[in-house]
Structure formats: C-alpha cells, structure tokens
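Two complexes come next, and they have one chain in common, chain A, joined by chain B in the first and chain C in the second.
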Partner chain A sequence: MIGRLFWGSLAVVLVGGTACSGKYDGASYAVADEPRLDTFDVVVKNLDYSCGNLACHGAAGRNLLLYGVEGRRLAPTDVACGRSTTPDEILADYRSVVGLEPEIMSEVVASGGKDPERLTLIRKMNGTESHKGGTVFAIGSNGDLCVRGWLTGSDDPSACNNAFNPGDPFVACP
Partner chain B sequence: MSLIGFLALFLFVACADPVHDAAVDALGGEAPGVPPGPDHRPGQPCLTCHGGQGPASFEMAFGGTVFAYLASNQPAGGATIHLLDGAQHTFTTQTNCAGNFWVPKPAFEPTYPVQAAVQWASATEVMRTEMRLNGDCNSCHVQPETGASPGHTWILAPSTPVPEVSCR
Partner chain C sequence: MRLQLIAAVVVGAAIVASAARALADDSATNAPDAPASRPKTVAPIVAKASLDTTAYTDSDHVSVVTPVVSAEVGDREGAWKVHGQYLVDVISAASVDIVSTASQRWHEVRQAGTLGAGYKPKDFGADVSAAISREPDYGSVAGGGNLIWDFDEKNVIALLGYSYDHDTIGRTGTPFSVYSHALAVHTLAGGITLTLNRAAVLALVSDVIIESGDQSKPYRYIPMFSADVAPTIAKGASISVVNAERLPDRPLENLPDSRDRYSLTARFGYRFAHGTLRADERLYTDTWRLHATTTELRYYANLSRRLMVWPLVRVHAQNGVYFWSRAYVSSFGNGSFELPEYRTGDRELGPLYSITGGLGGSFGIGPSSDPSLLSIRAQADYIGTEFLDDLYVKSRGSVLGTLGLDGVFQ
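After this line comes the complex of A and B, so read on.
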C-alpha cells in the first residue's frame, strides 16, 4: 500500500514538473509564403463578426485573438462597438490568423490554397474539429468560401461580401 | 496518511474548480437591503452563479440587466428582451424593476448563435453582435465602456426621457 502511494505521489510530482517546464527556446520561424494582406480586409469583416465577439475570440487569453468593432479593441482609446475596425486592427488580426500555425499556413499558401483543412482555423470554423463555438462557417457556405478563397490568393470578394450579410431583419448592424 | 485520507484529498482537489470559485468570490457580498432573489446584483454576471456550476441552484440559460442610460445605473424596468436563435426559435421575457431579466434553463435551450434586442416603450436597441458561447449578458456588458466592453446594456440616448412602463 505504501509503495503504491509512493509511486502515485512520484507520478504526480513528475507530471506536475513536466507541465510547468520552461519557455520555448527553439528556432523562430519566418513565414515564407504569406496569404494576401491586401485582400484580408473583406475576410476580417466575417471573422470579426462571427468569431471575434467579446465572449469568444475577442476574449483575452485566446490563441486566436481578434480585434475589431465587433469585439475587443486594439487601441486603448477605442471602445467596443465604437468606430469602425481600424487598419491597425486588421493588421493585428492578420498576424493572429497567420501566426496561429505559421508553418502550415505557409505550406497551404504555397500550394495555392490546396487542402486548407490542414489548418486548425479551417477545421474549427467548419466544425469538423471540436470547437466551443460550434460550426461557424459550414463547408460550402459563403463564410467558408471567403476564407478558403483568401488562402488561394483570389481577388474575388463576392463570397466575403455575401457572407457578411446576415439577411435577418432582427439584425441592424451598420 | 491513510488510503482513505489520500483518496478524499484527491477527490477534493479533482472536483474543485478554482477558476469558478474565484469568479464567485470576486462578485463580493450582497448589497445592503437586497436579499438574494430576482432583484439582487443588477449588472453582475448572472451565470457565474446561475450557470450550472453553482452555488445557486436556479439555473439560467440567459441572464442580464438592462439600464436606462449608458452613463447611469437607473434600471430599465419592464423592458422586453427578444431572443432569436440560430434555428429561428424566439423567446421573449421582461426585465423586473431592478432591470434584471433571466430565462430559466429548461424554458429555452437555444441553438447558437443567438441574437438579442431590447424594447422599452418606443425605444428599441438591437445587439449588433451575436452571442455564440452562452447567455451571460453581463459578462461582456460590464461598466465602464472600454476596449473590452461596450458598457452595461442600455437603451436610451442621453436626452431621451424615461418612459412610464410598469414593472414587477
């Protein structure tokens, strides 16, 4: 009995010690093939509205942290639901999205957006991987086509523009 | 330590949720003269205690408080809350005289996302974003208005007079 208790306690100490081990000290990674920043503004409208509210990816502590008028603001002088999303917030959102899995993002972009399901972002938003927010953009929806199109380098903003139109009389978003 | 003692300690540690406990503690005590009940703690995040983890036994699907103005704590009693979920189901409830409203858990278990609007006499305010995680309105609607909060839920522009609406 004492032996079991000893080994059990030792296991707890080892697991605890490993869980609290130090910071990452490996090599940094530069994204070789970045998705387009110049077309991200129409993409980010959808991400901010559907993902970035204050309870979700606008909440502090998220790996994917988004800023914008629909949620958390970047500048200390801005308020939630205040002025429109700023260029600095678009850039911060871009960095959040690209920096989530930079190596895979680079591979997806280099392949012309092929197999974007390699990205956790796509799997989460499609609901094909466990996601507290559920399915945000179902496969084939305008929101889904918007993000996938952005990864291919597309110039066509129609899916993004159509996605950001809830089309419900209940919603009166400016 | 006996095996029973060790197991008791293990179960205690395993079952405790220090984050939830800290959130409950952070709410502080009741306001003087307002006992626990429908009128208590206006503006505080209802689901911290009423979200299923306790300590309150009454579980809510939605809960919040509506104030008349952004810049004051005057309650909007008798306002109507409209909820519309992702499956196009609707639910309507009213604020009490403290401005508090709630939806009991069994009464409406929505398919997220949920949209919300508040109506008070002729004034209507539609929430511009969707709720996607839970119905704890006051967890985001925190005073003051900052980059991480739109302020508490309010409905009237500063110069608009308070309507005469009955409440309970």
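After this line comes the complex of A and C, so read on.
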C-alpha cells in the first residue's frame, strides 16, 4: 500500500514537473465596476501635476506609472513640459490607476465610493500609509476631494479645478 | 509565513530527527576509538545550550545574517524537557524585483522566539510549543503539539501532530490597523519510524497544511503585456526590456485565498562502522498544482572521537503553479478592462530546479572523557537554482553558512 502510494506520487511529480508552464492557465478578471473615464481628465491633471514628474511616478519602473506633461510622455516625439497631456496619455493613466488594485477599485466604485481608504492610492496620497513622496493630498484638501469624488461618480469638478498648489515641490514644469 | 514553515518542518521532522539522532549517536559510540565504557555519573538534570550564526548571500543581492541562541533543560532519561530559542534576522536586499520597481535597497530586522515543553515518562508522551515572530511588515503567532507513542520496545514510533499559525501581513511604515491582511495555517502531521534492523531505520511522515487567507505580497506588482507582445518577452528579460514593453497597468499580486498542501517524506538511515548514511525523499503537491520532489543524501562520518563531518547533496525540482506566467496579458478597450484573475511574480511559485552541495562538521572540544559535551559546529552549502520561466533572472547562486557552539551541562 505504502509502496503504491510512493510510486504513484513519484509519477505525479515527474509528469507534473516536466510540464513547464509558459502561458497563463487561469481565469480572467474583468473589472466589473470601473470608475468614470469621461471625468478622469480633470482628475489626472492633479495626479500628473503633483505625482507625475520623472523622479516620482513618471519613472519607468513605478507600479503606478503616470504619463503626462509633467514627466513621462507616451509619444516619443513629446517632451516633458511640452504640449498638454494627450488623450492617449489620459487613457494610459486611467489604466494605470484602475489597474493597480483592480478588484478593490471595482468594489469601491460598486459601493458608490464608500471607504475609499481600501485603495492604496488613497492611503498613500493622504499620507496615512508610508509613502516616499509623503502626503500629497491631505484628507479634506481639494486634491483629496477630487479623487474621492471621482470614485463616487460625481459630476462636480470644482474640487479638481481648485486643487492646484503652485508651491508644490514635486511639480516639474514652471 | 517563515514561522509557519518552521512550525511545519518542526512538526514533520520531529519523528525522523529522533530516528536519525538515534542512529548517529549509536554510530558515534561505536566509533573505533570510542572509550570502552563511559563514566557512570548520574545527573538528574541535563542542560543544553547552543549559539549559532547563519549567514546567507546570493547573486541577487540579498543577504541575511541570523544569530540564534537556543537552550534546553530536561532530565537525563528524556522524560521531560523545556526548551526555547530566540533569533534575529538582519536582512539587506536590493534584488532585481526591488530594483525593477525603481526602489532602493532595503534593510529589515526580524525577531522570533519559540518556547516548548515535552513530557514522555514511558511509551507515550506529548510536547507542545509556541512561537512568535515580528518584523515591521509581518507578524506571526503559532502554537502546536505532538503526541508520540513507542511500540514494540521502541522498534516502532508513531507521531501525530497539529499546529496553528496566524500571520498578519502588512507594509513597512504602515500600522497594521491601516493596512493588513490575515493568513491562517493549520498543519496536521502524522508519521511512523520503523527500526528495520540494528543498522537501519526508516521513517515516513506525511504533512497536510491547510492555508486560508490572502498571502499575496503587498509590495509585489506584476507587469502586464499586450497579447501580441507577451510571447516576445524572453526568459530572463531585463528590467529595461520589461519597462519598455509593459503596459501602464501593473496590478498588485493576487493569489488564491486558499491553498491545501500535501507532502510525504521518507527518510532512510543506515549505520556503517564509521558513519551513518541518511537518504531523504520528499514528494509534494498542492491545490495550486505545484508538484515538487526533493532528494537529499548526506553521510555523517565519524573521523575520530572529536571530529564528525557530513557532506550532503540535495536536488529539488518543481513545476509552476497553474496560474504561473512569465508575461501576463491584460486588455483594455470596448468598455472592458480584463486582467488575469490570479497573478504572481514569486519565483518560488514558478518552475525551477536547484542543486545543493554542502559540507558540515563538528569538532568536540570538551573533556577527553566526553568531547561532545562542548563542540564547535560549522556548515557551508552552495545552492544553485535555475529559474526556467521567469522575468529578470535565469539563475541564482547562493551560499549559506553556519557557525555554532553547542554545550551540554550536567
């Protein structure tokens, strides 16, 4: 009995061990509840302005990678501080922000923006979680309200439009 | 996680270790220059203590230094004992996984302690242990126990063990109250040791480990590629290639919330005139469809009453988990954003094989009546690992060295 168990297990290991995977063999996850793309352009302006320079989230290896006028450009012909952030860059940034924690993002949006602190994006920008860039948008600031409002599906862009801080040390472009 | 592995290994290895120790001890006392008779001193209490320092370094720029202090007090007949251990891991890492996310080398300190006690007055006994481990982004508390039966004048020893481990996984610099997730681990181990004849012992141990909770690494984000680019990402693709070809989305690692793991270990020991051969085979499988085999051979050679050396060789091979991929694919457009449900960058979950060669030794510096009362122990292993389907690296070389001092006081 023990011998059969041993040799049977060995066969499973040898057969399984030679089956070297290379292609994903799992299921796909479709983000069920995405935040609004049509209002993201005013949100990403703030993110790009305060987070997107080349030393921060414009750096190539960043998990949250941002494209835009303040730093990394999508088109090789564009340069930092050149023309405004393009529609393709807004799409790329949307994909980067939503794709960071897609499952949690979907849950937050599905709940109407409730408890957005579930997202690392919110905790880091609020400074409630360790963040090399420190607190970018303090809780209750216009920048904070801008991002949280976007997650609720709000149409009101006033917080986003008033979020710019000319003295922001992270801003690259004059 | 580390603690849970330690707990599992301790539970599973207890029975095989006792058998191997019996063989090794027997072998030592049968060494050709062993004294004709040992002193007949009877001490009711025996204390053992050891100091170890283990150092690890690898070609991926990770280094760990671990000082360990251990102590055990028990009676001479082994009817009872209490033991404890404390260790500190000092870790410094600038691995390719860290550098690839534009992060700097990091340093971390982990502290861990265990306490245990055992009681086995006759043929039946039990032991219990508890462990705690703490580091800035990981906390672990574990407890467990074993039941041990001796049958047929100790020619058959059976063991049944259980342990529970609760881990809290967080991020450095962030309180667990702000961000953390939990992992619970139940380990059930059963085993039997058979004394086949005066020279041979066979032990079989089976472990069942039930894990539930989110064990995804909070720092590990997985690069995504488009369907047409993914096949062009070569094994060992460099950081610059990955960064140039990746898509903007780089989601957090996501692992299934449950994992059932099964292993069967067979250990055979055979005593020769001047040493003991130990052969181990461990077969492993789990519900993530990772299958592995680990084979180890080591020989304890008694070169003199004071000197024992043990060369070893170990071969390990495994496939990857079912959701393993070198280059994951995501898609975005037409109102749909799709990613792989499960994704990981943990190389230990990918297909690999490793070969270990090592040499250990202990030198008794105790009194001539029993040199083993105080001994110096050293071990050095080289581990070569080939990663068969990974980003950034194709292989890793690592060196693990231990220097220890063991003392017996009675």
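One rule holds in what follows: the second predicted complex is superposed on the first by the 138 of 174 C-alpha atoms of A that agree within 3 Å, B and C clash if a C-alpha of one lies under 4 Å from a C-alpha of the other, contacts with A are read in each partner's own complex, and residues count from 1 in each chain.
Keep in mind that, in the parts below, contacts are C-beta pairs under 8 Å (C-beta built on N, C-alpha and C of every residue); 3 or more make two chains touch, one makes a residue touch a chain.
Note that the coordinates shown come from a computational prediction; the quantities given were computed from them, not determined experimentally.
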item: Touched partner set for A:A60, first chain B, second chain C, both or neither; value: both
item: First (chain B), second (chain C), both or neither touched by A:Y49; value: first
item: Chain B versus chain C as contact partner of A:V79, first or second or both or neither; value: first
item: Chain B versus chain C as contact partner of A:G99, first or second or both or neither; value: second
item: Chain B versus chain C as contact partner of A:G134, first or second or both or neither; value: first
item: Partner chain in contact with A:E70 - chain B first, chain C second, else both or neither; value: first
item: Chain A: partner with more touched residues, chain B or chain C; value: C
item: Residues of chain A that lie at the interface with chain B and also at the interface with chain C; value: 5, 60
item: Residue ranges of chain C in contact with chain A within the complex; value: 99-103, 171-174, 178-179, 204, 221, 224, 239-240, 243-244, 247-252, 254, 264, 266, 283-285, 289, 291-293, 317-320, 322-326, 328-330, 332, 336-342, 350-351, 388-389
item: Contact footprint of chain C on chain A as seen in their complex; value: 2, 5-6, 9-10, 12-14, 16-31, 34, 59-65, 67, 91-93, 95-96, 98-103, 117, 120, 123, 128-130
item: Contact footprint of chain A on chain B as seen in their complex; value: 1, 3, 6, 82, 84, 112-113, 115, 117, 126, 128-134, 136, 139-140, 145-151
item: Residue numbers on chain A that touch chain B, as the complex places them; value: 1, 5, 49-50, 53-56, 58, 60, 70-76, 78-81, 132-134, 136, 168, 170-174
